[in-house]
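The two complexes that follow have subunit A in common; it is paired with subunit B in the first and with subunit C in the second.
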Partner chain A sequence: MSWSELLAELFFMPAIAFVVGLFMVLMMRKIAAKIQRRVGPPFFQPLYDIVKLYQKDTQVSHGLWHDIGIVMAVGGYIGAEILLPVPGFDGIADKGGIITLSYFLMIPSLGMALGVGQCANPNGSIGISRALTAMLAYDIPFIIVVFGVAWHFQSTSLVEMVEYQQVHQWGIFEMPLLAFAGLFALQGMMGKHPFEIYVAPAEIATGPMVEMSGKYMGGLFVMQSFQFYTAGVLYTSLFLGGGENWITFLIKCFAVIAIPISIAYVFPRFRTEDVVRLLWKWPVMMGLIGLAFVM
Partner chain B sequence: MLIGIIGLAGLPPMNGFVSKWLVYRSLLINGHPLLFVAAVIGTLGTILSVYKLIHNTFLGQLRLEFQQIKEVPLSMLTPMLVLAILVFITGFMPGTVLSWIAQIQTHIGLPAVQYHLGGIDYVKGGLDMIWVSSILFYGFAVGAIIFYVIGGKSKRIHPYDNYAGGHFLTADVQYHYSNNFYPGLMHLIGNWYRGSFKWFESVLVSFVGFAAKTTENIFRSQQPIRLLSFIIVLVLSFVYFSSIGVIAR
Partner chain C sequence: MKNIEIKTTQQRTNPLANVFDRFMQFCQSRSLFMLHYCTGCGAIELPPAMTSRFDMERLGIQPMVTPRQADILLITGYVSVKTLKRVILTYEQMQSPKYVIGICSCTVNGGMYWQSYATAKKLNDYLPVDLYIAGCMPRPEAVIEGLQLLQNKIANNDGHSWKDYFQNYDYYLGNQQHLFGEDWQTPTDIITEAKHYGLEAEGTYGKHTELLAKHQHPLQPLPLKTNN
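Moving on, here comes the complex of A and B:
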């Protein structure tokens, strides 16, 4: 790989991820609006939100960790994006593999926990404990899915998984139960209803984000668009055969993200212990049965 | 402390991650799903517990008696920094440590791990920590640019100066994450805990008391000086023989 390719990959992958992620956020809000019989936001609203938040006058930091937490949350996802295989940019994706990637996905949670932990706000504290518990809940089915997929493809490299699926058939047809369990875990990982209590986007003043003002919240909005993109691409690479070209690839990614969102806005939320109970029961059970079929 | 914690939890780019990766990878490829899940649960538990540690030490509500606290002196800071750098270097370039491991493996007759400076070569998906760490740091750098350069200047205020729904936070009322941490667990295992653990504790205490009394009685009933010299001879001979044993081995 030459320097120009490397630089192109390092620059374009986060940039593409950000733009696509913004479109995914727009899609989420449009779907939510349609379900709730509203018109929904205009086309550039996700971008307007970020610009608005970055231009706020009130930007309050509670200490160094408050800043570093946001940087970790955004940076972890940017790192994860570069390790994802997308059409045309497979060069670096081979260096890590799925184990590294699933660890990268834990870094933003840790960063958020550190950042919110620096503020002595009791609401933030509640949010952290819920978020870390939820991480424990959704990572178990996720890791079972990762195991099943890696065992099925006999590889930990995402690039090889995608190549295998493009030669044979998509993972979702060979491992339907694991794919379903993965969808469940995705819903928890994205923090959408009914598993959204740890994000609590509706409770601005009484939720974990209460101390996030101005660019702190803006950073988290940027993180959200990165998160959507990461989740979509990861699922597409594991189960939907990755991307042959950008058009089909992006259609698959948007379809993957549309499923949890469509489910999300017809549900109320679960309490944290119910989240753990649900995620440790059904997706784990399905994942284990799927694993038994695969092995 | 964060570096140590990241190393302990086995997150990239620190040293714990490389060994974890090796363990996970072999569990994956050799097909041990339950062990793999157990290992991941262990990792998650480590993250949760070390988060509590760092939160207790540095984050959350600052107590009144620690308001005037200062950074430690340089003589204490230097060894910590050296160790932290060591943790990072062995994570960044695991080849330095893996060469020793490969030597050990060849000595005891196992096939040596296929390592290079940045990580491990396998046919089906390897690991290159130099790349992985660089990508992560690149991600952090981009995150820092997004945060510090594009974003405006933020105002640093005291941790207590925050919005808590009309309440005012003070140092004497503890609200934060690790305060009163265990009631949830105690609610689940409370009865069992109070019953059996307390009982076991009392059994242990009475047993130790009984053993102490017995020893004391024996000691007093015999000639004290003879018993004392016997014990000294016993200890000395134990030390002597164990040192012989170590040399012979």
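Moving on, here comes the complex of A and C:
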């Protein structure tokens, strides 16, 4: 691959991810509205929100780490996008592999923790400590799933996994238990109900986001669209055969994201200790049994 | 409001820049995050306005829970002197452009609390109010119509009342001092903010801000201690 091609991919992969992620956010809000028997937001609402937030005339920064935290939160996901193979673009996916990707997926939460820590708002501190506990809870089943999938395909490269699935059959048919455990971890990773205690708008005033205003909040909205895209593409690459072309690929990604969202809006939320207990019991158990089957 | 005339942003000469500005104003008008400070009975009309019956989200309006994230401060009902202090603290923490909407007769003139010694009668003596929605209580249709009026104002580059708080700070501070006493001070330093963002005007300074400067002390972090 020449340098110019690589540079083009490094630009286009996050750009596509952002646009697709905006549509995923729109889908989330539309599904929520339909479940609650509402009309829901207009088509361009996610775009309006982000433009408005970046357009604020005054901004409150609580210090250097507050700024850097947001950059880390968005940057971690932008780094993750170029490690995810999509139809036509491989980026540096064959160099990185899924272990590098797992590390990249932790950067946003840690960046948020740094940024929120400097805000010195007690609600923010409570929120981020809950968020990191939730991360510990869903990362255990996630790592078991990643390990099982890598063992099954005898590779840590996402490109090779996708190629194998396209030749043989989808991972979900070969390792259904791991796929189910992965779906559990996905629900936690996206921070949706019932694992949404760290946001808790009515109790701790959106937790980590409590002091975020203007462009900081805009950064988090951008992060959310990247987050949805990353979760959808990662699951699709591991279990649903990745993408042969953009149409089937996007249908798979949107279907994957629609499942946790549809579950989210009909459930209340668990407490933090119950989140940990639930995620360390059922998905871990299923993941370990699935792991035993592939070994 | 003491001085209605507010310096609005001048039209730029570059036609493309104007298109850009119009687009920004349109986005601002179609995405409003609302912090509802529910002080009185008017709060009961908001849940139907937000949920499936009238659904504000189809207009791009959604509730937010902290002043940092919010664009609209919606005050629904009477404002007692104690409440007003909190309302002002909340308003000053919001990021501009910010809008204040007073719902119910109580915010307009005290309503049925007209004779109360502890109720602030006119909200716009203490904060620049963009819009009043009168009624006791206004129905959700009226609330949504009021919010649409505000949206039209913003889209037509007319929603600059928040600048009045910076440009006539002395007037608002005077009214606040009259009510809360001369040692009234909020955590947000409005004069420094006005300087920083270039929003100073003649009305920013006056005898009330001089009084404030005499006793104003910078915010200190709370001492760390555990209750054993």
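The rule is short, and it goes like this: the second predicted complex is superposed on the first by the 286 of 295 C-alpha atoms of A that agree within 3 Å, B and C clash if a C-alpha of one lies under 4 Å from a C-alpha of the other, contacts with A are read in each partner's own complex, and residues count from 1 in each chain.
Keep in mind that, in the parts below, a residue touches a chain if its C-beta (ideal position, glycine included) is under 8 Å from a C-beta of that chain, and two chains touch if they have at least 3 such contacts.
Every value quoted in this text rests on a predicted model; they were computed, and no experiment measured them.
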{"item": "Touching partner for A:G79 - first (subunit B), second (subunit C), both, neither", "value": "first"}
{"item": "First, second, both or neither for A:W170, with subunit B first and subunit C second", "value": "neither"}
{"item": "Touching partner for A:F254 - first (subunit B), second (subunit C), both, neither", "value": "neither"}
{"item": "Partner chain in contact with A:A202 - subunit B first, subunit C second, else both or neither", "value": "second"}
{"item": "Which of subunit B and subunit C A:M106 touches, first, second, both or neither", "value": "first"}
{"item": "Partner chain in contact with A:M135 - subunit B first, subunit C second, else both or neither", "value": "first"}
{"item": "Greater residue coverage of subunit A in the superposed arrangement, subunit B or subunit C", "value": "B"}
{"item": "Partner chain(s) touched by A:Q55 [first = subunit B, second = subunit C, both, neither]", "value": "both"}
{"item": "Which of subunit B and subunit C A:R29 touches, first, second, both or neither", "value": "second"}
{"item": "Which superposed partner A:W282 touches (first subunit B, second subunit C, both, neither)", "value": "neither"}
{"item": "Contact residues of subunit A, present in both the subunit B and the subunit C interface", "value": "55-56, 59-60, 120, 205-206, 210-211, 214"}
{"item": "Subunit C to subunit A touching residues, read off their complex", "value": "23-24, 27-28, 30-31, 51-52, 55, 57-58, 60, 64-66, 68-69, 71, 95-97, 193, 197, 221"}
{"item": "Contact footprint of subunit B on subunit A as seen in their complex", "value": "10, 14, 54-56, 59-63, 65, 67, 70-83, 92, 94-100, 103-104, 106-107, 110, 113-114, 117-123, 125, 128-129, 132, 135-136, 139-140, 143-144, 147-148, 150-151, 154-157, 160, 205-206, 210-211, 214-216, 218-219, 222, 288, 291, 295"}
{"item": "Footprint of subunit C on subunit A - complex, ascending", "value": "29, 33, 36-42, 44-45, 47-49, 51-53, 55-60, 120, 201-202, 205-206, 209-214, 217"}
{"item": "Parts of subunit B lying in touch with subunit A, wherever the complex brings them together", "value": "2, 10-12, 17, 21, 24-25, 28-29, 31, 33, 36-37, 40-41, 44-45, 47-48, 51, 54-55, 58-62, 124-128, 131-132, 135-136, 138-144, 146-148, 150-165, 169, 175-177"}
